[in-house]
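Per-chain residue numbering starts at 1, and chain names A, B, C and D are given in the order in which the chains are listed.
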Amino acid sequence: MSGNTLGKNLTVTIFGESHGPAVGAVIDGLPSGLKIDMDFLLDQMKKRKASGKISTARQEADLPEFVSGLKDGYTEGTPLTLIIRNENVRRDDYAATMNKPRPSHADYSGHIRYGGFEDASGGGHFSARLTAPLTAAGAIAMQMLKEKGILIGTHIRKLHHIEERPFSEEHLKEDIELVNSRLFAVLEAASEEKMKALIEEAAAKKDSVGGILETAVYGLEAGIGEPMFDTLEGVLAKALFAVPAVKGVQFGSGFAFADMYGSQANDPFAVKDGAVQTLSNHNGGINGGISNGMPIRFETVIKPTPSIGRKQATVDLETMTNTEIEIRGRHDPAVIHRARAVIDAVTALAVADLLMEKYGRAGFEEGHI
Amino acid sequence: MSGNTLGKNLTVTIFGESHGPAVGAVIDGLPSGLKIDMDFLLDQMKKRKASGKISTARQEADLPEFVSGLKDGYTEGTPLTLIIRNENVRRDDYAATMNKPRPSHADYSGHIRYGGFEDASGGGHFSARLTAPLTAAGAIAMQMLKEKGILIGTHIRKLHHIEERPFSEEHLKEDIELVNSRLFAVLEAASEEKMKALIEEAAAKKDSVGGILETAVYGLEAGIGEPMFDTLEGVLAKALFAVPAVKGVQFGSGFAFADMYGSQANDPFAVKDGAVQTLSNHNGGINGGISNGMPIRFETVIKPTPSIGRKQATVDLETMTNTEIEIRGRHDPAVIHRARAVIDAVTALAVADLLMEKYGRAGFEEGHI
Amino acid sequence: MSGNTLGKNLTVTIFGESHGPAVGAVIDGLPSGLKIDMDFLLDQMKKRKASGKISTARQEADLPEFVSGLKDGYTEGTPLTLIIRNENVRRDDYAATMNKPRPSHADYSGHIRYGGFEDASGGGHFSARLTAPLTAAGAIAMQMLKEKGILIGTHIRKLHHIEERPFSEEHLKEDIELVNSRLFAVLEAASEEKMKALIEEAAAKKDSVGGILETAVYGLEAGIGEPMFDTLEGVLAKALFAVPAVKGVQFGSGFAFADMYGSQANDPFAVKDGAVQTLSNHNGGINGGISNGMPIRFETVIKPTPSIGRKQATVDLETMTNTEIEIRGRHDPAVIHRARAVIDAVTALAVADLLMEKYGRAGFEEGHI
Amino acid sequence: MSGNTLGKNLTVTIFGESHGPAVGAVIDGLPSGLKIDMDFLLDQMKKRKASGKISTARQEADLPEFVSGLKDGYTEGTPLTLIIRNENVRRDDYAATMNKPRPSHADYSGHIRYGGFEDASGGGHFSARLTAPLTAAGAIAMQMLKEKGILIGTHIRKLHHIEERPFSEEHLKEDIELVNSRLFAVLEAASEEKMKALIEEAAAKKDSVGGILETAVYGLEAGIGEPMFDTLEGVLAKALFAVPAVKGVQFGSGFAFADMYGSQANDPFAVKDGAVQTLSNHNGGINGGISNGMPIRFETVIKPTPSIGRKQATVDLETMTNTEIEIRGRHDPAVIHRARAVIDAVTALAVADLLMEKYGRAGFEEGHI
């Protein structure tokens, strides 16, 4: 399988370029008979979409067309394909800068990878627009998991210097439901205002900001994960790094483990309500790459959007000389509030894939016939 | 492929249990005609091995036997299999604690995953001992890369509160060669003494410590990586999380990106020595999941070894009651100085795999016949 | 990867249902900078299409829309997606027979596999219509191979009792070019008339016929194939059995080997024109699963189309009683003359995939930048 | 995954060379808690082994050592590795003919594939000896299937001109049990004598013979297979072509379909004993690549062993001139009676793999804890 397919049992293949005819996804390995909750799917896509002053001016309907695998609202079990047309394509915005790679974008590395035949307009295959079909695919996986009592949620733990509290350990389910009810992914109402103000401020300075997203998976049974290599952490991490701008992933206490003694870091076991639990969750619900029944918890760092309006140093690839670039066109001063929906999507896809390793597709199809 | 195989073009399958007959690896997809540098391979294994007061008392020869794929010192191109016998097996040490999962170990999650049929002695399939064949496999990949001018090195950036300087940007090659010449992976001679003292101190307190490893890949050409999912970051991360105790991975500035503005985080391009380079390397040599020709840089966090001599709370899985555990047997107060060799190994395997995606095996076999 | 994706290096994912919105393909792993020969691609699709009296009355334009991966006629190296709309959909034809599986069709086995959620109209995901995007994908692979001097051709070796001569050993290239120049895949002009008459005769009797296709691959270098399991034979066979109605595959002398002594079956080696060749080709150009430099030769059997107009015994799946069925709607009295284009397609995909194992994508991209 | 690994859910990696230290297999994805029936496993290996006058003189104990994944006779769920030492290695037999490829062997194609670094002695990685660990792995899969009521059997339908009756449709289970109780795979007692006489006669003439094996899978439920590409036929065929000397595979009526009308070839459905069945089984239990609940039936052709004692024309690869070869050393005048065990093995592996696609590993682990 080549690089645009994720997963082993439940596979998602993503295709498209930002300014080509369409972007889309093929999802294979789906159980048949799953009634797609279209409202939920569109809601997830809405969370990912540009909106308000704080995001790019490009506004498209982004309604996916389902061209295969769906009949009367139910999955057929055959590949489900969805396509999102690119309606608002303006190649001209990019013509001038074609040979001047934007700093910290994929323009240059992609140019080398694809030999100059790539469609660089609007980021091409690297555009965040590719995350639209990925989010739709993830919404279907989220629905599969919800039927097993598994919830996924992500909030902005930190936007530049503005932090909010982490997910509660005791009321995690409620916290996930809270953040999932909001378009702007925060737990504390005050965070939204402050963060939006900061994003606008960055935009006004022709600059951009990043931050840290915290994600939790609630309700995943113990015993999921396939060491030595298809660990829960490894499979999640590979999927998470497909989300544009993600540059780091940490599980549980993550990099803070470096400052702890083993006696502080270990999570003691205890019997609670007749089940084995841990008294702390520094390990983010994962031991030895396998879920231990506690909530899965991890953080991803989203770098500041590389597209900024300021003049930047770059090179002219044709003449191989130094030059400058001022990026025009549409771009976001932050993507972190949109990335949350994509993080949820890939998390769901990774978890569903590993669950299918244990239960097969029949485990998601019971009572069909 | 199931969870114990890593890679697509160059695959490594790891097998074995700590107290079973043997551990080992099968490497498939190797170019034929590669003369294995056995001294180098054994040297990498030595770096991974327990040594001195600061590590476990278990001392084994760990000499791999090559049972297939190697003739007169050259790879045949058929699966190369190496086996390391477990000579010093003491199942009794573990008998008493069989049903008492050690906190933050894989005992419990593994018990659920493998249904009670796992060989829990000494960590079984989760033992760090499994990293011995992985290190040997990685040494072969490192050698393949070295012939392409690619060097990999890892040092202890931080052990608990003791830090040392990061890899130099200007003299990276020298730094890698320096750390690779040392059994204890530090750049500054003073670090070794301080860190070893801290490890012994932790051991004396029946405790353990963790830290942060910094890794660099020098000499990788631009254009390597297969977005959207088989990104250089994603493929590396998946491999890195197979290393026991790794709980986080960050590329370039990693989590520090959260505190930066885009104008600070971006890496401007410039022509230097006739080639495109970046003036800073916040992105760790990767844009859009593809190498940009700058050194690849990332950090992994190694949690404190969960095996500590102190009394800890746990459960009795048979009676489902709370109890306590005091771990006896052999264990390390730190594994970070050993993990460096495993990190190098999986890094090499991941990079070689992606390079073969571009060049095929013929790209590593030129001039054979 | 799930069942609708073929290949490892060059992957093709096929989606769609006969009477759904569209069928299509995503091709990943393509080299960038390949100028698609659209005339050739459409020509291959034309060969696959229904035509004349001897085929189904369903006539659609079948023009693929390229929605990603193609810019100015060149592959971008990103996933190439093509979609073919289903324009002439008549669900009503099938409504009456919904619960009565057609003998020797996939109706019943598919019903069990997909739990009753499948779109059974017109064969749904099992329709020969799915071979349209597969043929288009294969045409691109054929073009990649042609640039390496590799030609593929297939002719009707036998239609029911009408046989024609096999491919010539001496003039194989000319024979391939000859058959590829014809819409009806025969070497001898007289065969076409006789075979078409037989097909019409079968149609008149509300019956159908099958036959044997012979395929040759000319110009494939020695050394291609990845034993023990990804043999040239195994990889080809897996791809060939994806073609509807294929029930057997034989390489070289195939089942006739059973009647030979080793002394008759062996292909002696000889030096010819400075190269190693074999004096006979009973092995169809493959020894030990690896090409030996001689032409690859194999035959596939195409069973008679199961859709026949006669009354047939079947069951009513709702009442679980015996009943009868008379298939109306559109169907072919033979598919063998259309299957040839699909056989060529999957052959090209399989061979290109194995060639990329050796050469990587760079081997197909030389001289790009 | 590279070419020496078979399967997706249940994977088998085969390694080793005929005259290297050992051959072996790693099986990953096994359910935990399967009690290996060692008598059955050894019995399957015995069926594969050389025996009596009619086979090669090489006699080895071939007892597999289980070096991982097995504890107290039960699978642990971790990779199960078995190794078979090569005890009776005689490299000298082959030294003289090193550069003279044996006609119809893999010597030449393998030489090109592996660049001259292959271990050609005794066939090296192409030796039928590699089928010993494959047979052991398959025995484990056969056992998994047996617990689901699925039986597999193979008999010699035809040895050169000597045929015996096909498997009975009505008493298939009994026929499978009958042939599985015999070391020489025939249904009719008289066949054994006649066939053995023919093999000895061929040996006396320094020649060899081949034939056709018929295989049946009894008890496989309907709905197994993953079209469009991972069809039951395609997955089986790929596995079958890994068996040395197999040059063709046909399902059900196979190539005889070419002579039938659709009205003769179709298998009408009927309700029998409350279940859907077909009144004939021309399709060998498979429609649209998916099992239909009827027995799976297929035939494979085994070419005459290429190793014959007669003088044959070949080339000297060093001088690139024509020459002759007389093969000495150990070789079989027929392998078909040994191949039956390998055919059973790969059939079991393929079917178990597809069953796990539906049921996951949990489907084979029920009632564990």
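The rule we apply is simple: a residue touches a chain if its C-beta (ideal position, glycine included) is under 8 Å from a C-beta of that chain, and two chains touch if they have at least 3 such contacts.
The structure displayed is predicted, hence computed values, not measured ones.
Comparing the centres of all chains, each the average of its CA atoms, the largest separation from chain D belongs to A.
Averaged C-alpha coordinates put the centre of chain A at 38 Å from the centre of chain C.
With centres taken as mean Cα positions, chain D sits 26 Å from chain C. Chain B and chain C have centres, each the mean of its CA atoms, that are 45 Å apart. Shared interface positions of chain D, i.e. residues touching 2 or more other chains, are given as 1-5, 8-9, 14, 112-113, 125, 357.
Taken as a contact graph, with one node per protein chain and an edge wherever two chains touch, the assembly is complete, since every chain touches every other chain.
Chain contact summary for the complex, chain A toward chain C: residues 1-5, 7-11, 13-17, 20-24, 26, 28-29, 32-33, 65-69, 71, 74-81, 83, 112-119, 124-125, 365, 368-369. Residues of chain C touching chain D in their complex: 1-6, 8, 14, 101, 103-110, 112-113, 125-126, 130, 134, 158, 160-161, 202, 205, 207-212, 221-231, 233-235, 237-242, 244, 246-255, 257-271, 274, 276, 278-279, 282-284, 286-293, 299, 301-308, 310, 312-315, 317, 320-322, 357. Taken together, the chain A residues at the contact with chain D in this complex read 8-9, 356-363.
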